[in-house]
Amino acid sequence: MNKTVSNAEEAIRGITDGMTLMLGGFGLCGIPENCITALVKAGTKNLTCISNNAGVDDFGLGLLLQSKQVRKMIASYVGENAEFERQMLSGELDVELVPQGTLATRCMAAGYGMPAIFTPAGVGTEVAIGKEVRNFNGKDYLMEMAFDADFAIVKAWKGDTMGNLIYRDTARNFNPLMAMAGKITIAEVEHLVEPGELDPNHIHTPGIYIHRIFQGSNYEKRIEQRTVRKK
Amino acid sequence: MLDKIGIAKRIAREIQDGYYVNLGIGIPTLCANYIPEGMHVVLQSENGILGMGPFPFEGDEDADLINAGKQTVTLLPGSSLFDSAMSFGMIRSQKVDLTILGAMEVSEEGDIANWKIPGKMVKGMGGAMDLVASAKNIIVAMQHVNKAGESKLLPKCSLPLTGLRCVKRIVTELATVDVIHGRGFKLIERAPGISVEQIKNATAGRLIIEGEIPEMQIS
Amino acid sequence: MNKTVSNAEEAIRGITDGMTLMLGGFGLCGIPENCITALVKAGTKNLTCISNNAGVDDFGLGLLLQSKQVRKMIASYVGENAEFERQMLSGELDVELVPQGTLATRCMAAGYGMPAIFTPAGVGTEVAIGKEVRNFNGKDYLMEMAFDADFAIVKAWKGDTMGNLIYRDTARNFNPLMAMAGKITIAEVEHLVEPGELDPNHIHTPGIYIHRIFQGSNYEKRIEQRTVRKK
Amino acid sequence: MLDKIGIAKRIAREIQDGYYVNLGIGIPTLCANYIPEGMHVVLQSENGILGMGPFPFEGDEDADLINAGKQTVTLLPGSSLFDSAMSFGMIRSQKVDLTILGAMEVSEEGDIANWKIPGKMVKGMGGAMDLVASAKNIIVAMQHVNKAGESKLLPKCSLPLTGLRCVKRIVTELATVDVIHGRGFKLIERAPGISVEQIKNATAGRLIIEGEIPEMQIS
């Protein structure tokens, strides 16, 4: 049950033009840096990317936008990216904005084999257009569908060769949800260890969800807003 | 007239001991600085933290530890970390006691618009729609009028909505106002030095004035 | 934010006749032993209990059945209990059998603020009677409603005074789900520690869900099926 | 004719390297003993384990570590523990490759009844309905006929159903049989020493016999 592949290039094999990808991360925190670089190198086109954000101009998902590999972006917030704005306004890029909790829960629904979920987020707004509204106990909810992704690409802190993953701090975010949701899930980790080295009580993502795993390299882990106080 | 810090200070008075609180970006974030000493409050950040602490000391920043505004933060003792589904799960199930956020417009009915201006680049709603649809107690921190001098407290919102009938209270540079469903904005307090007349002139929606309106107490 | 109460008697205060309780545990594993004892002592009547199993005759939820405090039992499997059988056949006890995954997911739905979920479990069986069936992508699903419980009572291994919980091995089971689902949630733990002693990355149940916590005593932790192999 | 161990041995041949497998109580549990050496298989127990190991050595039993049959078990390296929602989540999303369980009756259509006998004490379905509704590959281990000598492979189930059109393959003391939707039970193999005639006589549902039926290979 060894799921190790040697690097990002090998991990992304099978991702072809027009596929739908989920990419973990919140802002630039907990993003699969190595796989994004490999995707840029591979040049795969017309991708639909599901990710909470769209990176910045020169890092994260922004790199895939720069190289015009993304046809459609499904995200909750895309504010930090000038190239994104240009492509969206020119019509090169389709954008579907989804409330953040809805985005997370639609990933979870896919991983949990639930075809749809109900959420009050977006009721009475343009997000509700074309969606079924249903009242439970006097409150309106939207029915939102589970996502359907060909590949999910996640980043964890530690992983073992059987695919068990542990995330660190807020780099967890969407990663465990997307890990469960991909038809094929790729995990890149900072530390790859042998089975038995991780405490089974502390595993965030059981290996059953992971198809390929590798230890990434040269993590930049860029900080978007460096806020500090004086000692 | 209150400045941003004044608004934050006034809103901080709404926070009670034992509260779990979600603070939006901008003025709401400032509220954390004015929680009274000795009061134990836990801050939620919807990217996956309960027990968020202040910014790290210089040199202690950690790329893996940010808040929903993507700022580097710290953890306090008793904190916990979780994924985004659980984070919005606790928001939807109303475990968060108080949500404080900014707005572009609020209507008499408590509708809120704070995510999109037609014709301008749309950045996305982030977690705002989830928060306003679920939170049991929402306080809005905002300016009473926009830069063009137009009131942001309206009979109906003109901008695309973020959520319906959700705002309970609004604190602006001029006043504290409550939303009374079916009736309008009820004036609760005047900012220091502000007259009822000034508030009336700055409020396009129906303003309910009952009895003497006290001046805000801000420490 | 100290949620500590001194013992089980204090923890169950406010539980009154006719209420709906969720009780964590799978079989006798991970059950809130101290609170069950306190409930027997309190003599609260006409309870509706949501729990995966009903204990055995002389332990676990079986104790509440012996003292005839339970009016209705919602469970997935109730096989190990003669008094249960007697009360059910005599009509003293209402029983609602729910598929185990549906039970778990209806708890999770309550904790996640989702009024209902879709599951294929029970389609075409008597479990589906009176329920909405809905087809997604060619497969039928039942719509099942979130539970609504006045109190949830869970058992964890470690907890801190702010209510953060860590479970041990398969004593986790339904506990984290029910912890999220109670209007008021009580946690009993084997080890109660100060805030900061538990790694925030390893918390299974964040303290926001917990209203009262105490360190239990005299845990029996009975084994239902002691299966071993020879050295 | 196969005994229980024979059935378990035959079913174990269905397990492939790299499979995640959920084994029901009874004969299915025995299959774990006959997984070929060198094959890496992970056992799921729906109460919250991936990587379940054998029973503990005497004295090592741990009340906190049991399987879905409430038996004390152990963990193997690379195991993980999780709550019941995630456990059934991975079952529903078909991450488990193979589910092996017992049955009272199976119909020509692959319907299964294995949880309730009218007039007898009902113990509950436990996780069976979730498993049969979702598993992508379900193999049933059971006796071909019940104690009264009646076939358990029927045109239609007479007992309350556990799930519809879900069983792919059945292994009994007499035969291996596949369910071909819309056609019936297709005879795949005879148990050692069993004739096609004997299987025919023991099968109440429509039995499809095409060509020579080989005898099972059991190590």
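Going by the order they are written in, the chains are A, B, C and D; count residues from 1 in each one.
The definition used in the following text is that a contact is a pair of C-beta atoms (placed from the backbone, for glycine too) under 8 Å apart; a residue touches a chain by one contact, two chains touch by 3 or more.
Note that the coordinates shown come from a computational prediction; the quantities given were computed from them, not determined experimentally.
Chains that count as touching both chain C and chain D, per the definition above, are A. Between A-B and A-D, more contacting C-beta pairs join the chains of A-B. Centre-to-centre, using mean CA coordinates, chain B is 56 Å away from chain D.
Chain A and chain B have centres, each the mean of its CA atoms, that are 29 Å apart. Mean C-alpha position of chain A lies 33 Å from that of chain C.
Note: centroid distance chain A to chain D, computed from Cα atoms, is 36 Å. Residue positions 105, 112-114, 119-120, 168-169, 200-201 of chain C are each in touch with at least two other chains.
Looking at chain B, one finds that residues 75, 81-82, 85, 88-89, 91-92, 134 touch two or more other chains. Those residues of chain C lying in contact with chain A across their complex are 105, 112-120, 136-137, 139, 141, 166-169, 200-202.
If you check the complex, the residues on chain C that touch chain B are 1-2, 110-114, 160-162, 164, 180, 194-196, 200-201, 203, 206-209. Taken in their complex, chain B has these residues touching chain A: 45-49, 54-67, 69-73, 75, 81-85, 87-89, 91-92, 111, 121-130, 133-134, 160-164. Chain D meets chain A in the complex at residues 18, 20, 40-42, 44, 50-51, 75, 77-82, 85-86, 88-96, 134.
Chain contact summary for the complex, chain C toward chain D: residues 26-30, 52, 75-79, 85, 88-89, 95, 97, 99-105, 107-108, 119-127, 157, 168-177, 204, 221-231.
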